[in-house]
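Presented sequentially are two complexes of chain A, the first with chain B as partner and the second with chain C.
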Partner chain A sequence: MTSDERRRTKDERAGLAFFGLPGKYAALLRRAMGLMLEYRASIVIWMLTGVMPLVMLAVWYALAESGPIGSYSQNDFVSYYLLLTLVRQLTNVWVIWELDYEIRHGDLSIKLLHPINPIHEYIASHLADKVFRLWILIPLAFLAWWLFPTLHYDFTPLTVTLWLVAMVVAWLLRFLSQYCFGILAFWISQALTLNEMWFAAMLMLGGVVAPLDLFPAPVAAVANYLPFRFMLSFPVEILLGRLSTADLMLGSLTMLGWLVFLVMLYRWLWSKGIRQFSAFGA
Partner chain B sequence: MRYIRLLVIFYKNSLLRELEYRVNFLANALMSVFWLVWGILGVSVFFLHRNTMGDWTYPEVLMVVGLFTFFEGVIEALLRPNVGAVIDQIRDGTLDFVLTKPVNAQFIASLRNLVIWRLVDVVIGLFVIVYGLTQLHVIPTLAQIGFFVAMILSALVIVYSIWLLMVSLAFWFVKIDNITELFYAFYEAGRYPVTIYRGAVRVLLTFIVPIAFITTFPASALLGRLDATTAGIGFAFALGLFILSNRFWNFALRHYSSASS
Partner chain C sequence: MPNQPPIYVEHLCKYYSVHQKEPGLIGSIKSFVRRRYTEVKAVDDVSFTIGAGEIVGFLGPNGAGKTTTLKVLSGLLYPTRGIARVLGFTPSERQPEFLRQITLVMGQKQQLSWDLPAIETFLVNAAIYEIPEAQFKQRLAELSELLDLGPLLKKQVRKLSLGERMKCELAAALLHRPQVLFLDEPTIGLDVTMQTRIRQFVREYNERYGATIILTSHYMADVTALCRRVIVIDHGKLLYDGDLHTLAEKIAPHKLIRVEFAQPLNGQRLEDYGEVISAREQRAALLVPRDATPEVAARMLAQLPIADVTIEEPPIEDVITRVFEQAAHARAERGEEDVDDE
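Take a look at the complex of A and B:
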């Protein structure tokens, strides 16, 4: 590490580097948007790969033909899974593939020379992807609204506000947890494998395979407090209007608890990892 | 004969390369088992609430899960590594070296590489199919086994042809190197018997993206429920797709003009 870099990280720890952050973000975002537009065909394909909730919808819909399952009728499954598809599209992350590659190939050293923590560049490119996806998803949402008149959500000022917050946090949880697995690439070669397991757990316990309350009661009780719920299922639950006010509060607090935990975990792992990285001479 | 000898050389070469990365072997064997357990748990959630899925009982659905794993192994071992290589070669222009070899280009391009450790999925997939049968206390007749093998072979041809079609597309759209991921999005639907799907979705999964011929119908064959017509359609379909994909590959090759020119 040069003395310049050392000062920079020290500044950052003191929060000084954050003064210029909005301006830097505007620049980062502009660049990321340009890149995204270049790869728009590829993004559309990535979007299509996120349709697993729709497969699960088809299955549950058929199973519910002979009567409701748990508290879900056929129409409830439609409302649940269409919203889950939207949540999944807007919270997707891929940062580990970039981070893992850049750590193993040493490309990260170039990013470390930029006068900004690399995490902001990754966040900016993810944001650009979300802006692009919204362009496609908003018309699709209206189309779905028109095609399925039975769609039913509980829109009140409280639920909508909470939903927006829960969406941002859901994305942050997915992003930060994946980022932490990515940082592990400083030490181990199988960071991607660990991340794959985490992803599989999210599909199972985050409400994709089944709404959480269709699992056996003890499993559902535990899953309610695991981070996976807050990565996908919780925003859906909020708008379905099935949660009591007490459950909403408890859920929101648990969600924020996980967020604080992951932010701290990220900071700790990053400072350790970066030292490890310099140690092998990059 | 010459082609078989070439295959042996190719795969010996791939094997030696894979042996360099033994940690990968372990990690991936672990992941194969992990995803299989994941798939079985997922199916179990449905059976918590219902006794059948599209008229298939739990052990019968397990056989479909087994076939899903089996073909995932085939794809990951044989198809994906080659598709990835061809897409890279198109982008870099090094496909020229493949085309100038005195061997059928489609043969090299689609069968050159083998990722041997993914064959673990093939083995555990077969194991799950057999396990499903023992749970049903069914011993298939020789004719049923024969039908099953024939359906597997036609499914192999179908999968191969779909992948060849996808590679050929890369000649025009180098930037969609993630097109193979699209296959997986649809393949996901193949974890469950196709009879669960309704209306247009079932037609889509049978004839447009023929997942049904890959995971459902071989299982039906083994259970003795596949009628001759469906089997016949399966064979015709495999043959038709193979010819189509071969034609399309040749057409795409004519379109290829190397990277530098």
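Take a look at the complex of A and C:
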């Protein structure tokens, strides 16, 4: 049996082992928080770049001046887009840039020498970033609530719980899809470009350009089952109160289905990618 | 597996398929139509065994296959053919129990977080390698003492000098007290004082913990100071595996006699005594066959107006260069293409 034959390494078998890692996450998070403090000015600037929903709000608000568009009045648009901005800020992901860089510059080797999957460090740094963003976003949310008294949301124990779950899954979907594109950097040099296309699709079909139920019926029907909806739009839809219980359940199931799919895709790609990396190194 | 040697390599081969492209526009078009691949043999049928506690130096020019071998032994690359075993593990399986017992330090790559003090990365490594707190504190104290880290740990890594950073990198790489160390150019770019410091540290670490160490370096001083045994690799092939000084005696059966004259020579010819390497004003250096050295030296002292004399081994660099020249000669005779590989 030659060394080149299919001997599956530990990476190739697992690739995601969250359980049993609390101590390591504590340490990774602690360092990530330290780094975030160093970068706090940059984070504020990066947050400012995520304002497209507010731009779209201005557009739709103007368009809806003479009357509601579809089932959205001006007030509905404000409610929709302010919440979408919050969701977008809290689910943001940048791992592909780091992963692509580290793979193509060989820096990943250092991480591969440690007895821990590199994904955990990336997750920890994203979590630290969220903590910092919450510090800024929570006061801003209260400010918006005070500035726009006509904001209308459907807060019930069910919707709030579902919203929290959907937020976590939304972030996971965005993270895992970017990570999968990043893993492509083991083979191609244009992984970032592919991700840009994915991001554009997310803006279109994730509810940034327009709320999904304003799309023509056939388009909306397809969009409801695509992963992009669950990266941004679905959490907003939950709190907007426009979904029936049946719709909520169907949406939740579809959302979880996409999550399972992406986890499996990540594990498969990672095992292939590590194999490729170990063939050529860096 | 207590009876196995820590490092065991048998008929190890690592080949790459590299896409060849001719230069220029025509070359680009040609390679677009039909890609040509050549096989680069980065490591070609290398075998050796390293016992516990040995410090072995890997010598070879750039692209010889030293770093590739280290990467195979640390699990970053898997072999094309052959066997590599470290501490009984197959490195490319990258099992956590394996990774916890080894370390690979590459001079140009760093693991310390750039914008934070080194101690922050140490704490993360302590968690990743599951080092209990008490042990961590003790090891940190030992490493600080051996490497003189002191105030460096609390400074941001980007504010450290290259030498200080290298010391912190070494400490980070050794916190988990690995039994097997792969040091790839650990003193590259460092000043002389720091190089000596690192060498002393490596020797101390080896003596204290009995670690098995493979060291690659361009600086012969590293190898001479630390390694009794060297493995010479060139173009992927193992040229020599054994004692460093035996190698010198085999390849360069000469000694160097340096003399300083009290007064200018009066018609005497230096060439009568040996091969003149340099002759300037009042000084000269000659190469003399080893066995003849005492006799030649005695003759020179008797017949020439000598103020000072030293007898030296030829520089190890020259010895090694000669080894490579011989190997290149042998390759040329075999008609092998001299591919410039990396």
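The rule is short, and it goes like this: the second predicted complex is superposed on the first by the 261 of 282 C-alpha atoms of A that agree within 3 Å, B and C clash if a C-alpha of one lies under 4 Å from a C-alpha of the other, contacts with A are read in each partner's own complex, and residues count from 1 in each chain.
Simple rule for what comes next: a residue touches a chain if its C-beta (ideal position, glycine included) is under 8 Å from a C-beta of that chain, and two chains touch if they have at least 3 such contacts.
Remember, it's a predicted structure, so these values are computed and weren't measured experimentally.
In the superposition on chain A, contact is made by A:I45 with chain B only, not with chain C.
In the superposed model, A:I110 makes contact with chain C only, not with chain B. Contacts of A:V131 after superposition on the shared chain: neither chain B nor chain C is touched. Looking at the shared chain after the overlay, A:L147 reaches neither chain B nor chain C. By the touch criterion stated above, A:T193 is placed in contact with chain B alone, chain C being left untouched.
Applying the stated contact rule after C-alpha superposition, one finds that A:A62 touches chain B and leaves chain C untouched. Contact with neither chain B nor chain C is seen for A:M264 once the two complexes are overlaid on the shared chain. With the contact threshold set out at the top, residues 38-39 of chain A are in contact with chain B in one structure and with chain C in the other.
Chain B contributes residues 23, 27-28, 30-31, 34-35, 38, 41-42, 45-46, 48-50, 53-54, 173, 175-179, 181-182, 184-185, 188-189, 192, 196-198, 201 to its touches with chain A in the complex.
Residue ranges on chain A touching chain B, taken from their complex, read 38-39, 41-42, 45-46, 48-52, 55, 58-59, 61-63, 66, 69-70, 189-190, 193, 196-197, 200, 203-204, 209-210, 214-216. Interface of chain C with chain A (complex): residues 16, 68, 71, 74-84, 90, 92-97, 99-100, 103-104, 106, 109-111, 113, 115-116, 120-121, 123-130. Partner chain C is touched in their complex by these residues of chain A: 2-4, 7, 9-11, 23-24, 26-28, 30-31, 34-35, 38-39, 106-107, 109-110, 112-116, 277-281.
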